[in-house]
Structure formats: structure tokens, C-alpha cells
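Two complexes are shown next, each including chain A; its partner changes from chain B in the first to chain C in the second.
Right after this comes the complex of A and B.
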């Protein structure tokens, strides 16, 4: 007897010769998955279910749900005359449901196949996987923040506007900039906002037709060129130098009346602070262009240096990186943009301001008044309030002293890893101090038959989340390690020891430890080529099984 | 500091191991005169208790939706979210994980994304859905850009029933990209002649249903005319619960569907984070923005999921990408999927009927108040009132009486001569008492 999950519903003797015999096709496949799911030699001690104690197999919702089941108790309304103009749906949608206990178990089991910061060291360079304090979650759920509507009367949300204003004040103070646009919904959206402000400023000077080039170093994150191109700029690359820095001569060489801006990441994606940043800013400004700074790595310098002092005109701040709002498996984020005096007038709506002792929300371009000339609107409503609360909660907790300490610890931790691995792994720009992340290339793997990807997968077996791989593009087989300030010395020591062991194993020719990895994860290496070649992007009901074939 | 594990002893030992005397030597590339020696001018660290006190005070200055009779909508809706949803999305492994670039240890995220994509495709009646956009206003902007890529034309026509914020987002993006936008006049009654704007120069028409004034629109004639001219129909919705009762945009011929998923699983959050639903037909797949999760197998042949078709995306294609989006609405899409799983088809359609029934009751009750006219012939859970007085004033007076009554059209469309119009929404959270309180207060104020 099989239940809907293709599992036996009554106990059977262990060790049937073919446990899948007599199962439906779907069930057999699930069972196959089950037997293999944890990878490591399932024949050793096969289980009947395919589960391995805490390692449980979980089918798709669509394989266990029922169309008549609901986990929410609602009473059917009394009869009434619908006003839908005859546009009622006639056919079924195709959405199975689960009862509440089944839902709980389904998603808890799925969660157990994920690695999070709370699981272990998550050294994903550029992404800043620091501790997510649960105080911030609790604060974001206060009813005055989570249960207020963006369009209820402004008089009833004064505290929410106060919070936005306070967050803005913190960001402007930490960066020494003039204004902040809070509404962008993530880093890339912030880039778009900053570049739109630059475009508006250029147009206001009557140079919209002629200034259409944006300089982007080759080491930049993909969102930089994608953003510039999105609003019609031509991207001109600035090539990488062997020291990992952007040189002012290389920038000057490319400057001209056609250049609108540079998009420079600082600290850069190689984990280095740009020593010529002030000179670069000056050259850019002298040429009548603007300095957009990708602030994804601001976490290295919070409380240590202010981007406004470096000559930045616009910079997004990923609240989900620097200020620790949870990454949530890929989002949501929040990407406020701080603006210099030259760009402040062009900040988009909405924004908060004080008027007669209370906060008001400027939601339309023509309400801005004064010299303000908002370029438009980035999103409906006012941005990522839920993230604002978490970020402010982080900032209040750390305070100015704690934020400075956090930056220092993040940098210290990265350099400690550098010092621990410099003799075994290769540093493309020499063994010099880094910021909050340390970049290795794959030169140390030469002739081992092991790649960066293999090393990453072997790290999974060791219980770690891999570092960022193959980014930035300017070094071969990049491995970008960002430990963050959340790691203890003990944790770093084990991490370094583990990578040293892997490095020596690779050099000793223990190839299988790498090329077959991971062996111990919920899945073995996944076939990405197959996924892309014939995309299956949603569940479809299985074709009917031809029973007669058996 | 409670979040920082290093002790001063650790720090000195580590500095020694690195071979420097002071941490500032690691900041040597920062221009000397610009390196800050003292903490910036902001308050010092605070314990949990103090932080809670400060933020709770700010929170207490706001009137929350659950504390009053509440009828505010216009793109964000107050619904009941089961406790299970908020518990599950706070599981460490969901909350503190990253984009699933290492699929072997991210099957939890990937499998729910696959479930999410399947649910969204089914709801919208489309062939493929992506793994979410920031929200549906930015999704609408992306849909217009996508239509331009597909049709190789650069003119969008926006219905007068499209949420004005969405229209602003599209206009801002289009102006910056030097694309054309035709915005039709506000269409209170849902009777605009959009068909006459469709011709061979147009890339896409963007139509919302239920529209911002609440009218339910038949998209079929628009789709038919659009397709005769090689124009794409972008169908937008702001209230996903409506799809429990209404025909799907896909079944009426939409080419791209963009919708707001906030209502399912997500709180009001003063406007964000929300979750943008984005779906289309398979033939346009390669022009689609955003992440996609696909099924595959692992080295042992077990089923698993990965992010796929990333040659469309910024990290591979850079300035040739279909969008610059990277971080999306991950956890909000999980909340959506869990809530939708709890509801199932049976629960969703019942929830939709309750919403519609409550709105019908409210409309009838308010129509009986002197000085109030309900303008809609059709609606789902939101409709437009014409009041005898300016709506902004009325809303303010009602707030003083403890009723959050809705959104004055003048807040979204100032200067459009629609100052006496009020958008009112009603969902399953409203009781008979709420409705009675609203009607009574409105009577006093008018």
C-alpha cells in the first residue's frame, strides 16, 4: 500500500529485493530520489523509506496536496448578487492545498535542505552574510510598522515617517552626503536611481544628447553595466591592472565631453580600497562628469571613512549587506541612495520632510518646491519599510562605536584568513592588506586537475558555505572570501585549517575529494546544462502511467 | 558589543599573526587625512531593551490597520495571514540563506521557488512565471521594457485605469530610456476607448484589472485588437485574491502578466517589502527579466532544482542583460507560497468570495448614506465613491473618528479634478460592526 507520497502506508519487511516494485512511476521516481538523496553510498545501510534519520525526502507540494483541502478555516458567505460583470472564472486553477500540520512539515523539511548564516560560516564575498539579529525581526513586526498602509492619512503614520527620517539621518551622517533617496528596493535598483539622478542632472545642464558614456571597470559587478545600459548609456570599460586597483591615468585617458559618469566600487570587488579614489573623483568632476559609487562594500569602512569626503556624488547602500537585514534566500533587500549636493535636487519622490513640527511625505514631483526637481518615481509607495526598521534597529544597537568596531573586525577577520592561507593559496595582487574580503585566484590549483568550482563543492562537504566563485571576472577562477565581523577567532581558525587541508589534498592529487563533491549534501552535483537545455520551470501533472506495460 | 565575538585579546593576537601593530595599518590605502579616528557623530551602542523602547515609541505613534475599522486599498490590502506563515519564514535556514547559487545546499529555497513559479503560472493562466520581482510597480516597468525587446518597438500605451504610481514608474523609466509613453486620462468608469490607441507603432498596452478605481475589465477584446497589430497586452493586477474568483488574464489573451502578491502571505509594511509576480508565454521566455528556477537531476540521477537560463541575467550578460535585477523578493515569495499552500484552491476561492461579498455589502450600505454615490458597475473588493465633499478632508475627519476610510483619489492624481472621489476596499478582515461604524461616521461627516 502506498500513500500519496509514494511511501508505504503500512510497515513492510525490510530488505525487499526491489523496494520500488509495484509502485507507480511517480512513486518509484520519488523512491529513487530518496535512496540517493544524501549521496554517500546508500547501499551501506539502505532504509526502506529512503530517508536517513533527520535527512528527509520531501516531494513537491503538487505531489502531496489535494484540490479540496484547505488549511485555513473560512466560512462561506451568505448568498449575494455578484458584481463581476460576468467575468467569473469557470475552470479550476490547479492549486493544491495542505492542512496546517502538513504545511508546517512540508516547509520545515524544505528548510532543512538549506544552509544559512545560522548554520555556519558563510564567507560569500561581496554579499556580506553577517549575523541577522532577531531583535530586528521583532522590531519590524511591531504593529505600527508592519500593520500600517502606505496610503493611510499621513497624520496616522507620524512614527513611521519619523523612522524613515531617522534612518535617512544616520545614512547621511555616516556618508557625509547631502540627501538620501530611500525608496529603491535593492542595490541594483539603487544603482538605477543614482544613475537616473545623474542623467537628470546632465539633462538639466543641456548636455543630455552629448554625455552618454559611462565608465565601468572590468572588475565591476554585473548590475553596474546592466544598469547603465538600461537607461541608454554606452558602457566603456576601464581595464584591470595587475595591482587590482583602478588608476587615475586609465580613467583620464577615457574622459571626454561624452562621459556622463564613472561607476566605481569602493572598496572594490577585489577586496581593496582604491588608493587613488580622491584623484579619480577630481578628474571626473573636472571633466564635468559624476562619480557613482557602488556601495555594496560600504560595510568595510562604516565609521572609518565617509564616501562624501572621497568625492562621491551618488552611492547606494545595500541595507541587506551593510546593515544586516536578512538576505531571505535572495531577497527582499533595500538600496537607499545617498546623494551629493550636486545631485540632491534630483532625488525621486517620495521623500519625507518636516513641516510645522510634523512630518510630511512629498509624493508628487510638483509638490517638491524650492530648487528641487525630482526626476520621477522608482516604485509604488515609499520603499522597503520592513528593511528600514531592521537597519535602524541594527544601527541603534551598534551605535557609532559599535559600527566602527564592526568594520574593523570585518577587515581584521579577512586579513587573518589572508595571513593563514597566503603560503598555500595564490593572491593575484600580492600579499598586501585587504579590506573586508580577501580574493584568491586559482593559480595554486595549476596542474592539480581541480577547479575553483571543485574546491567550493569540497567545502560544502566540510560543512561550509563556499565563498563567491568566479567573481570578480578580472582574476582567473576567483575565490572571494568575506568572513564578516560575526565570526569568532575559533571559527576562523577552523575555517583556515579546513582550507589548508583542502589545499594540501589538492596538491597531493586527491582529486576525487573535489571532482565528485559534494558527497554529503542533500544532493550531489546538479546538472545545470540539462536544466538550461530543456527548461522545466513548473510542475506539470505526470503523464498517465500505462498500467498494462507492467 | 553583543554582536561581535572578538575580544581585545583575540584582536591583538590576530594583528600579530597578520604582522601589523594597529588595525589602522590595514586601512593604509584610505587617504590619511580622511581616515576617521573617532566614531562619527551618532549615539553610542544600546542594549536590546533600549532599542526596543525607542522603536516601540515610534511604532506607537502610528494607527495600525488591525486597531480600527480599516478600508484602505489602492494597491496594498489588509488581509489575515495565518500564524504558520510568519513562523516558517523565520526559520533560520530560510531567513539567513542567500540566493541559491550553490544548489546542493539550497534545495529548500529552490524547491519553494519552483512551487512558487508553478502557483503563479496557474493563477495567471500563463505558461511560465519567474522567481519574483521587487513588487508589481517595478515589474510593470520591466514588462514594458520586455515588450519593447520582443516587438522591437518603443511605444507603450497605459490605460487610465492603471495605478498612478505604476504609471509614474513606467514613465520615469521610459523617459530615461527615451521611449514613448501614451498615458490615457484617468478612467473612473472603466469605459475608455483604448482600442483606438492600438496600431502598428505600439509595442504594448498596459491594462489593470480590477483597475485602480475597482472596475473589472474584460481583456479579451483588447488582446484581440492588440494581436492584430503585433502589440503585446500587459495585464496588471494589484489584488491577487481577485484571481480566486475572476478569469485569469492568460485566459483572456494577455502576453505578459504582472501582479502584486502582497495580499497573500505578506503584511502591509507601509508599502514594502512586497512581491512582484511576473508571468508570460514560453515563446517570450528568453526576453524575460528576473531569476528562474528549473528542474534537473544530480550526479546520482535524483531530482533537484537549480537557477537556470541565467544567460539572460546581469551577472553573465552585463550590459546586454534583460534586466539589472539581482536581489529580488525571495522571502516574500516564500510567504506567498506557504499562504497559498494553506489556502489551496478551495480556500482561495472562498477567500475571494468573502472579499467580494464584504465589498458588496459595504457598497450597498454606503450608497444609502446621503451625499454618497457608488460609481462602479463592476468591482471585486474595491470601488470608488463620489462624495458631496472633498475626499481628503473626509478621510481626515473619519480618521479622527477612528475609521481609516480609504484613499482619496486626489492623493494619487492631484489636480485631475477628481477631488471628491474616494477609493474604498473591503476584505475578509472587515466585520458588520466595521461597516456600520464606517457608514455612521460618514453620515456625520458629510
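Right after this comes the complex of A and C.
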């Protein structure tokens, strides 16, 4: 296998498949030195334009735009009487204009500076940046899915409703729960949905005034305590133990008639499966409280364990993590919530229901029927239709065996990285198997003068998006790496070799390689302190040249 | 004048019936560059262990807990404009708030300078 510089990459070159042993120290040193000897020091060969060959310097839209240019040709409006009651604009709006080719180049150049899952390995732990299958995109663009409007008569969108119903059935089956709310827009919104269902159940029992405490382990996602606090619960932390697990006795100590719920992430943010989860669920239920599970890490256990079997009452599922729909700028998130039998009656509207051979949308609380008592509505419409299509496309194309294998491969890949780096980097909870992500701390950097942040910046120079840093907070200088099942062994070998080279460089005192990084990125290191202390949030036109010259 | 420390790295320097509260030099070092400080309003009553302020650095946001019970009688509003003072002079100009103690005996449960030094050594 050749890397981008055309040199054989070490593991295969030495004919050894174990990356820990394969990337011999000497080989790695040579490779590292070769990089820097032949390597590009951009400062040594400055260009006239500032561009670096294909990497073009792209100024802000405001800096390249002109007020007399536009890419569209609109007729001037005829005279008209403004009806804005004197609130109309008095002067030009000041938006820069570009011609169509200039606009195209601006955005294409910006997109070339982006690093995404389609560019390379994206090891952000707890974020699950997995492959976004092209088949999903094809399905989402089918006219019957892409063109539907939320206010269309339900008789004209039966196919879309059937798809939502089928997606819901998959989610309920995979989790062994009773009901699903598809509408939440993403993870934290899903948490809110689940916790509102719990609150409604508590109020229905007449305990709304007295049960107002939510237990949250120290290692939880920050959104967990924020969600609980947002709807008026008091948050009580459950301290972290040295083994990275939540212990049932620590939970029991804090239980009482005032406890409404626990919010537990499983597998947890340390990348470990909580072995006492069933005992914790029992203790919670015995105390009359509910078990909210943060499903951000569900991708590690799909097809292997069902949260309903573990005693979970409510769990959100990030379709944009576990079920391969795009993240961030690539598309909106989607955070369906599954509910246990105890919470199912409180599921919010709207939801899809089969009636007389066709699908209907239940839009109002009083249409829910039976013993159902929906807590209300969280969104104006029905959720992220485009994401439902992509997620179901992923499910159907993988099948239940494929989804199970994806979980297994995700766990295998994370453990492959753990095994490949355990001798050079430090594992806070000992060298024990992890789930879909592996957590390192910064003990291995002690006395090197290099920090977790510096390592992350050096990874950018090596062409990788950094892993999650400084989270979870229970570990000092945390580096949380999640490769996902999408990465091949070849890809993992190069990633491990790269980190081994960095680790050895840090230990050999090559501090500058880290503290000055990134050297090769379109922009050098940001002054994060200054950016946070005095952020510039608005573009201001530069001073006129005459003044600037003075 | 006595200074006492908590396990969460707050200090309280008692002068008369009031104490000046801030975070220790070790804490500011661990946090890294402080970029934002949220202070309580003057007149707020705090119980020991209550969340009294928030300090945000480039790495993380952390709560500052009240080391003792009492009423907030003064806050260092200069920190809002120059949060970096917490890094430069945590024990002096980087103080957070002044609390009038309601129960002086709570100080006995806190660590002395020497005990805190030992504590920091044991965790670092």
C-alpha cells in the first residue's frame, strides 16, 4: 500500500499486520524525518498571490463583492406606494454582489477547505461521523419523498406516512420499546421529549411537586443536565469512579421519593458499556423513578442489546449518528425517541397511525384515543422527512444482520486502535476492551510540554480531523477516538501509524512540531483565547487607504 | 485573616464577618485561559455548596461553588471585562465575590493553606 507521498506505508512494508508492532520505531522515525526533510515549508517559497497551488486563498464575500454587480437580471420595479408605515429602508442594504461564476468559485473554494466524512477519517468520539451512503441520497431525492409538503392532504402522502410508520417500527423493534416519537429534531431535542414524557408521567401520578431531582453521572453529555434543568428539575451528579463505570450503590445512595429519573448514557462517554445497567434500572424503578438513556452511542449495540431489555424507559436515537444520515452542514439531525410501556401513553403528537387500511396523522391530543394522554407537541410539523428516508434506506440496505455487523465492526475498529496505541499513549481505565470509541488521557504527554490541543493541531497537518478533545471531563486531557465501522483496516493502519509517529515525536522532544501546528492548513493556529475574549462578530469595512497610510 | 480552601479549588479569605471568594492558582492553571466569568447578583443568599459563579476557559466551563453559606455583598465586576485577571492574579485582583458569612463554623470543615497544598500534590 502506498501513502499519498508514494512511499510504502510502514505496516505493510514490514509485512506485519499488528499496527502496534508493525510500525517499527525506526521506520516511523525515518518516515517522519523524510516528511520534514523533503517536506513543504510553505514559508520558504512564498507565492505572489498567496495561493498555494490548488489551495486558493479565499477572502470574505464582503471583501470580494461589489455593489454594482449581480448575478441575476431583475427588472426595476415600477413606481409603487410603500405600505410599510414609514419603516421601509432609507438607503441601500449594503449586500455585496458577485457575478454567477464568481459566486460559484467562492463557494466551491470554501468547500475545498472543508474536511468531511467524504474527505477522510473523522474520528470525533461521541459524535459518530460514519459513512453517509449514496444510496440514501438517491432515495431521499425520489420525487415522492423530496417534494412532499407537510400541509398536503394525508390521502396524497400515504407512501411517506407508510415510510414513517415503517421507520418507527424498526426503531421500536431494535430497542424493544412500545412507542416512538419521530418529531424531535436532534439529540438534545429528543432528550427534552423523553424528559417531558417522564415529567408528564410523574404529574399524572400526582407527584409533580415532590419528584423534582434528576440524577446525572459526571461523565454525561452536557446536554443531559441542561435538558433536566430546562424543564425545572434539580440536577444531582453521580460522581465518577476510577474504573469509568457508574456503580449501582452510588445511585442507590442518592435515590429517594424526590428522584424523578436518572439520565445515563450507555455505552458511556468513556467508551465503556455500563455493566451494572440492569441493577441501576431496577433500583431506579423500585424508587418510583424513570430511566432515561442517552442513545448517542446506540451504534455500538444495535442488533446486540435492546435498551428495553435493560430497563430503559425513554431513549433518543440520533439518526445522524447511528443510522448514517448526514451531520451538521450536510443535513439536519433527527432525534426520534422510543418510550417504554410506562411512558407510551404520554408520547407527543403528531404520530402516524393505521386506520381502516390507510395511514393517518394524529395531530391533536384529544384525537389520541384510549388511555393516551400526549404531553403535547414539540414541533410545528412532523420532523425531518429527508432523514427518515435516509435512515430507513440504511436499515433496509443493511438488514438486521448487517446492522448487527456494523455494531460489531465499530467496536472492533475502536479496539484495533486501542491495541495499536496502548503502548505509547495512556488509557485512563486500564487496557480493557472498549466499545465503539476509545478514550485516552494525557498522562503519556507528561513532561513533554505538549498538550492534548497541540496533538490535535498536529493531526490537522497530517491530514486528519482531530478526535474529540477534553471530553469527557472526568479524564484529564481527554482524547476520545471513534473510527466507526466505515473505516477499512488499511485506513486504520495509516491512522494508527500517524498517531504513533506523533507520540514518538512528542516523547523525543520535537515540541515545535506540535506547539506551532498546524503549519500546512489554509489558516494557522487560531488564538482561541483572544477569539473568545474579544470576538469579532461583524465585518467592518477597512479604513480608506488615505487614512490607513497615515 | 485566614484563608481556607475547598476540594473544588475555591478559596475564601476571611476578613471580619465577610470572606473574599475566588479560585486557587492550581485551578486557574488547570482551566487554562479564562475567557468569561459569570458572577452572582449582589444580595443573593447562598448555601454552602451552591453554584455561585461560572468560569469559562478555552477548555471548559466550570461552576464555582460557595465555600460557605452567606449573602453576596460585593462582586468583582471587573472580571466581566477582563476575565484574564483570574489567570494573572487569582489570589488578588482575580477575586470573584465577597460573602457575608452566616455560619462561621463552616470554615472549620475547609482546608488550610498547608492541607490544600498537600491535597493538590496528591491529585497532580
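Here, the second predicted complex is superposed on the first by the 467 of 550 C-alpha atoms of A that agree within 3 Å, B and C clash if a C-alpha of one lies under 4 Å from a C-alpha of the other, contacts with A are read in each partner's own complex, and residues count from 1 in each chain.
Here is the rule we use: a contact is a pair of C-beta atoms (placed from the backbone, for glycine too) under 8 Å apart; a residue touches a chain by one contact, two chains touch by 3 or more.
Just so it is clear, the structure is predicted and the values come from calculations on it, not from any experiment.
**Student:** Based on the superposed arrangement, let me know which partner A:389 touches: chain B (first), chain C (second), both, or neither?
**Tutor:** Once the two structures are laid over each other on A, A:389 reaches chain B alone.
**Student:** Of the partners chain B and chain C, which touch A:159 in the superposed model: first, second, both, neither?
**Tutor:** first
**Student:** For A:378 in the superposed arrangement: first (chain B), second (chain C), both or neither?
**Tutor:** First partner only, chain B.
**Student:** Of the partners chain B and chain C, which touch A:532 in the superposed model: first, second, both, neither?
**Tutor:** After superposition on chain A, A:532 lies in contact with both partners, chain B and chain C.
**Student:** Per the overlay, which chain contacts more chain A residues, chain B or chain C?
**Tutor:** B
**Student:** Would you check which partner chain A:210 touches, where first means chain B only, second means chain C only, and both and neither mean what they say?
**Tutor:** Neither: A:210 stays clear of chain B and chain C.
**Student:** Touching chain B in one complex and chain C in the other: list those residues of chain A.
**Tutor:** Chain A residues touching both partners: 528, 532.
**Student:** Name, in rising order, each residue of chain A that touches chain C in their complex.
**Tutor:** Where chain A meets chain C, its residues are 470, 473, 528-529, 532-533.
**Student:** Inside the complex, what are the residues of chain C that reach chain A?
**Tutor:** 33, 35-36, 56, 58-60, 83-84
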